[in-house]
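We just call them A, B, C and D in the order they show up, numbering each chain from 1.
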Amino acid sequence: MSTDPALAATGTEFSSDVARELQKEGGIGPYRLAARRLARNKVALAFGALFALIVVMCLLAPVYAHDIAHTGPNDEHITQVIKVAGKPTDVLSPVGIPIGPTWHGRFFLGADGSGRDVAVRLLYGGRNSLEIGIEATFITILLASILGIVGAYFRGPLDGLISRAFDLIWAYPVYLLGIALGVTLQLQGLDLGVFKIKGSSLVLTALIIGFVFIPYVGKPIRGQVLVLREREFIDAARQQGLGSLRIMFGEVLPNVASTIIVFIPLILANSILTEAGLSYLGAGVQDPNPSWGTMISDGIRLIPAAIHLVLVPGLMLVLAVLGINVFGDGVRDALDPRARIRIEH
Amino acid sequence: MGRFVVRRVASTIGVLIAISIFTFLIFQAIPNGDPALRLAGRTATQTQIEAIRHTWGFDKPIYIQYLRTMEKIFDGSVVSYNQGFNVEEEIRRDLPVTASLALGAGFIWLALGIVFGALSAWRAGRWLDRGLTVLSMIGVSMPVFFLGAVLAYYVGDKWGVLPPGDYVKLTEDPWGWLEHLVMPWFALSVLFIGVYSRVLRSTILDNINDDYVRTARAKGLSERQVMIRHVLRNSLIPIISLWGLDFASVIGGGAILTESVFNLHGVGQYAAQSVQALDIPSVLVITMFGAFTVVLLSAIVDVVYAALDPRIRL
Amino acid sequence: MSDPERLLEVRDLRVCFQTEGGVVKAVGGVSFDVDRGEVVAIVGESGSGKSVTAMTLMGLTRSANASFQGSARFEGTELIAAREDQLRRIRGARIAMIFQDPMSSLNPVQRVGEQIVEQIRVHDHAISKRAAGERAITLMARVGIPQARERARSYPHEFSGGMRQRAMIAMALSCSPSLLIADEPTTALDVTIQAQIISELKQLCEETGAAVILVSHDLGVVADIADRVLVMYGGRIVEQATLDELFYDPQHPYTWGLLGSIARLDRDRTQRLPAIAGMPPSLVNPPEGCHFRPRCPHAFERCTQVPGLDSRLAQGSGHLDRCWLSPEQKRKLRSVEGVIGLASDETVIA
Amino acid sequence: MTRYLRSIGAVLVALVLPVVMGACGSSSSGPTVTVVQGTAPDYLDPSQGYTTQAANSSWVSYLGLYTYAHASATAGGQVIPAIATAPPKVTGGGKTYTITIRKGLKYSNGEAVKASDFLFTIERAIKLNWGGAAYFTGNIAGATDYSKGKSNTITGISANDATGQIVIHLTAPYGAFENVLAFPSAGLLPSTTPMTPQDTSPPSGFGPYEIKNVVPNQGYDVSLNPSYASQAIPGVPAGHVNIHVKIETNTTTEAEDVLNNSADVFDWGDTVPPSLLPQVQSQAASRYASEPTALVLYFFMNIKEKPFDNILARKAVIMALDRNALSRLDSGNITPGCYFLPPTLVGHPSTPCPYGDPSKSPNIAAAKKLVAEAGLTGYPVTVWGEERQPRKEYIDNYAATLNEIGFKATTKIIASTQYFPTIGTLKSHPQTGFADWQQDFPNPFDFYLLVDGSGISQVNNENFGEINDPFINSEIKALTPVLSSQLSSVASRWEKLDEYVAKKAYLGVFGYEKVPKFTSTRINFSQAIFHPVYGLDYTSLTLTK
């Protein structure tokens, strides 16, 4: 690539090259530059704010439950009768059809098939979905980075083993592996020696999702490190007598950091979607804990009488994931204008 | 080419063996997971359970059980725990459904992905691009079973435009086949259209700045010719290979959610049902079949890739 | 304009790019002429605006964030303001271009022969595919590609660097253009191949009568072929002269620096080659006055005013420069250790 | 390796070829009606099938020595002779059954029905591990040895083809043995039937129908057996229509199909989705009914484990159960109740429930007081449940109730297939959880197996509460030998026993399942019989026009 800034002809590319030039001149770090670029991307910021808003709303779930809806996420009001527009109405009709949105404090978004307040469950469900998404992302990113870097750095049999393991996981369809692990592990929980995870724990679902996505991040990181390790500065570090650990995490890691950062929102969005999918297939969050996925799948049963049970959590899920995706796209544009990094669904 | 084939066959066999062992082991971890108990039913006596254990070979060590199951898979005689059906026949029967879903959806998502991606890149930064970007972002943010359920409700039940699910055989009722599949095709495609249009857009924007594109302009080619003959053609190469892998994963049972929500008796739904029923033989065969299609199609993709991009050596 | 020998007249050409870092004034008022059959070299370092100038003539810098001023008349057609379709008829047919990196400048997934055929057929709709193919093979043979018939079916990556550049030349000459713009045609090549390519290029242009604008950062390359040289710095022409004038009587301190940094056979190899100290100027916020001022060891107060591109030599020849120093001062100052060069604080090892 | 490659190749080739499955035509005359089933039968081979979906077809396709009367309600629980000429002659203190078969009957494949086919049929059901085989091996002398492979035949059965006489020796008197003989799995099969599962092409049998054209997980035909009409058994009508069973796992689609007449019969094993119920009740009132069944729903409480070793805790639970809420979770398909024996069965007590009217709101306050009294407030309880709608909803509700009355309940939900094997493993020590029982045959004895102290076993346990009460045990022992046909004579004793169980608060019974009888307008609804054991009777289906 030419270093002559004016050589590149068209818009986007041109600007990024100039930025690189500027950065050389002015000594602005790549991350500050990216932050500056991101700050100019109003659409990405708006969607990021949308996501933040959803997060805040979900965090405020206990307040809403306690002060406005006066019920918990798992409290059932099956045989209760409440007043809607002055008329007493069953929360759950004798044949089990839940009340629709009342647009008032109690049952603002209606009740679900077990007479629980949908609005309250929506917020608590969001907490669970987000928690799983964040934990899964953490697991994926952590393990994928370590495996990718260590494998590519040392090469040899260790790398072979890691690559084969990646291939193995990668050859499964995501949901098939997810439900296989989900169904079997939920029956027994997971005993990792030091700590035990109960079958009904959210962490277990997060762990499964995190595990499934490892190769999708690990492979690109490994590829990048394979190139990096041949570069001069790594040689130099080696000749200085730096230890492998120091080189891997002091020299290599910072150079793949932008790739890792780009993957974070992608994996977060995909984890949340996968959680929903697994819950739909009965291998995700366990009842009675709500999550957006379980709420949708419970709601599907009551279509067509109560489409709101599907629409409410579904739209919330789409909005949250959309927020992450658009914001993440902005982050990627800012860090990696050539958009070389992508993930399979 | 010869070496490529040998290498690929070897690695395929390796992956299949590994995947079968891994799948088998996943299900061994179930507590009280003795399949004999499930098979025997609630009122079975100890004698009966013993008998079942013996006939199915559950009294043998795990590796023998594994080897016996694999042997049965190879000679095509493996039957499911649940109803004793021949698993391979089941897959063979489910495959036309999955293939119908994959072919139609694959065509739609490839075509629309290319059109949207190309338009988006062509108008990069303009309103059309922004609109398409938002659309594709919504597409990749949409859980397919949510979209499917909502579509089935509105388009299927409420407005009655299309049937809300099920599969009709192409050989029996071609029109019904099409009618029943339109919604699943669309629902399954949405995510991929989003992904493909984004990938194509960025590939095009990347290639647009390549030197050979400048050369093409300098030759006096019109903008359209430059875009189609050089930029688009070169940018499609990675899309085609992506398509091969995604298509393979759908064929191999990856469209679990779509098949479930539209009640299509395909490989994916069979997979989901088998896993939930803890039916090890079926799950083993399906995962191996899925992995095999993925590995096979990725090999084909590599060959096609090499044909499209002469720089790649097999 | 009325001169039939005059092929190209560039007048006060300015090119700006809107970027997120600010407005980049890539070319800041450039004027020059090219006569038929003449070889004009544009020399300068990265960011001097030489490539932008060359590509702007072809309309290759046009984009949403670029703006242009001034004019460039080529064979009676205004290029800068031309509509895209007008320009397209000129590109490749009347003005052809050769780029720096022959590897990336050829479409990697198209056969070399096809790429030449494409060029021929886009300007000659009547020619059959087969005939165009034959012509491509002839052209390839003519630029010195052996076994041209077979090689036409090869892909660019199967060619060596020199062969690729030959293929580029064959492509460029395929429609017998009257102007060939060669943008750093040999930079990416081996030194031994460089000379070959340059001499072949020269020979081919003489045969076809095409004029050449040779863009290079390397005065050594230019020396073999150019009739006239334009030295650019910071988006402006700082000196314009014939090849001999420039080499034997350079007027601008920047030119001295360029000359000083050429590795010359008549110099001791072990001797240190002086490079010009400092960074090229920012094109967003260029220094006031003479752009070279911050790097010029001879700068004085007057340099904060922009010197015009004038003839400052007694003879009143076409030898123009942008430096306030008097010719006498220049003559004195440019001699460093007995050869032409720019006095400097830093030196690098060759 | 080569073999592997070849077989994969073969699979692929076969996969690529278009697969055209057998079309569902029927050779027999008569109109065809479509039955939609939400769940495929477990097996269509009668020697294996055990689910209601399987029995629905097989009890009219494989007649045994005895069968049930084709009538609704309690009348349908009556065992009548089918291939046997008369009720069995029971001698030897209830241990010897002598039966003679009708002469000249022919299977659908033309073979003659022989007395020795009975022996073959029972052997085959044991060999193929029929889910209820314990009814044979547990009762017939020599059947256990046969199943263990110690003997080549069942020594307790002797059959004389010439006279048509069959003598069965039991290991102990067993009053419900006639019911056992009426199982579809005891439906006679020709001795030429292979000793291997025949699920995709079920064997020939004797009966009004025959099962054909099986496409696994998609459907099968239950066609009129053309040879039956001429040799019809009294009380077993020949049937009027051919049946095509279509598997439709989406119950909404299933119900819609029947509602808009694109299918004719809704599977009684499924529930009409609540979202469609209002529509069904308004648009199809004349062809929809909720029929009571002998399926009891309860929460077991382990009396060997704290806190339910304390009767106060159990009483509190029974008082606190919100049966109306539980019913609404099942679209209103539960008849609230507190007794273990369902109302359709002989032995269901008529006295009021000991701990409050089950159809009224629960007395939470009193229950809470009881728990506090027992000093169990805050005691942790794990509630086991199965991952299936609405059963997991029951569990959520139940756990909430437990919490309300002072326990600290958490749920443990297990995949449906694994649920009963898990809680049936004694060492899992389930404290409490969901359980149900659907009768195998209409005899209270069939229910009391589940609370029989001698029935507690390490695996496959059904007495989840580990109830081992001497009074219950002795009553069961005393009532076991009473023949089904004399059941009414001991009705009051069963009632007493059932009241006792309720009073001791051993089982948290919350009600009995109601099932849908739902047909299209094509079907003559009022004449269609809803059989108490096998559901909608195919032989009673007729078209309105």
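The rule is short, and it goes like this: a residue touches a chain if its C-beta (ideal position, glycine included) is under 8 Å from a C-beta of that chain, and two chains touch if they have at least 3 such contacts.
Nothing here was measured: the structure is a model prediction, and the numbers come from that model.
The set of chains in contact with subunit B as well as subunit D comprises A.
For the pairs A-B and A-D, the count of C-beta pairs in contact is higher at A-B.
Comparing per-chain C-alpha centres with the mean over every protein C-alpha atom, the closest match is chain B.
Inter-chain centre distance (subunit A to subunit C, centres taken as mean C-alpha positions): 52 Å.
Here the CA centre of subunit A is 22 Å from the CA centre of subunit B. If you average the Cα atoms of subunit A and of subunit D, the two centres end up 45 Å apart. Distance from the subunit C centre to the subunit D centre is 92 Å, each centre being the mean of its Cα atoms.
Residue positions 30-31, 33, 125, 214, 276, 278 of subunit B are each in touch with at least two other chains.
Shared interface positions of subunit A, i.e. residues touching 2 or more other chains, are given as 9-11, 14, 183, 187, 282, 303-304.
For subunit D, the set of residues that touch two or more other chains comprises 415, 418, 422. Interface residues of subunit C, counted against subunit B in their complex, comprise 55, 58, 60, 64, 84-85, 88-93, 96-97, 99-101, 104-109, 118-119, 122-123, 155, 157-158, 168, 171.
In the complex of the two chains, the subunit B residues touching subunit D come out as 9, 13, 30-34, 37-52, 55, 73-76, 82-85, 88-93, 95-96, 164-166, 169, 171-172, 263, 265, 276-278, 289, 292. Within the complex formed with subunit B, the residues of subunit D that make contact are 1, 3-5, 7-8, 10-11, 14-15, 18-21, 23, 40, 42-43, 48, 50, 129, 131-135, 137-138, 144, 147-148, 197, 199-200, 215-218, 248-250, 253, 415-418, 420-422, 424-425, 428, 440, 449, 457, 459-460, 462.
Looking at the complex, you find that subunit A touches subunit D at residues 74-76, 78-79, 92-97, 113-115, 183, 186-187, 199-200, 282, 286-288, 301-306. Contact residues of subunit B toward subunit A in the complex are 11, 14-15, 18-19, 22-23, 26-27, 29-31, 33, 124-125, 130, 133-134, 137-138, 140-146, 149-150, 152-153, 157-158, 191-192, 195, 198-199, 202, 205-206, 208-209, 214, 245-246, 249, 252-254, 256-257, 260-261, 268, 271-272, 275-276, 278, 283, 286-287, 290-291, 294-295.
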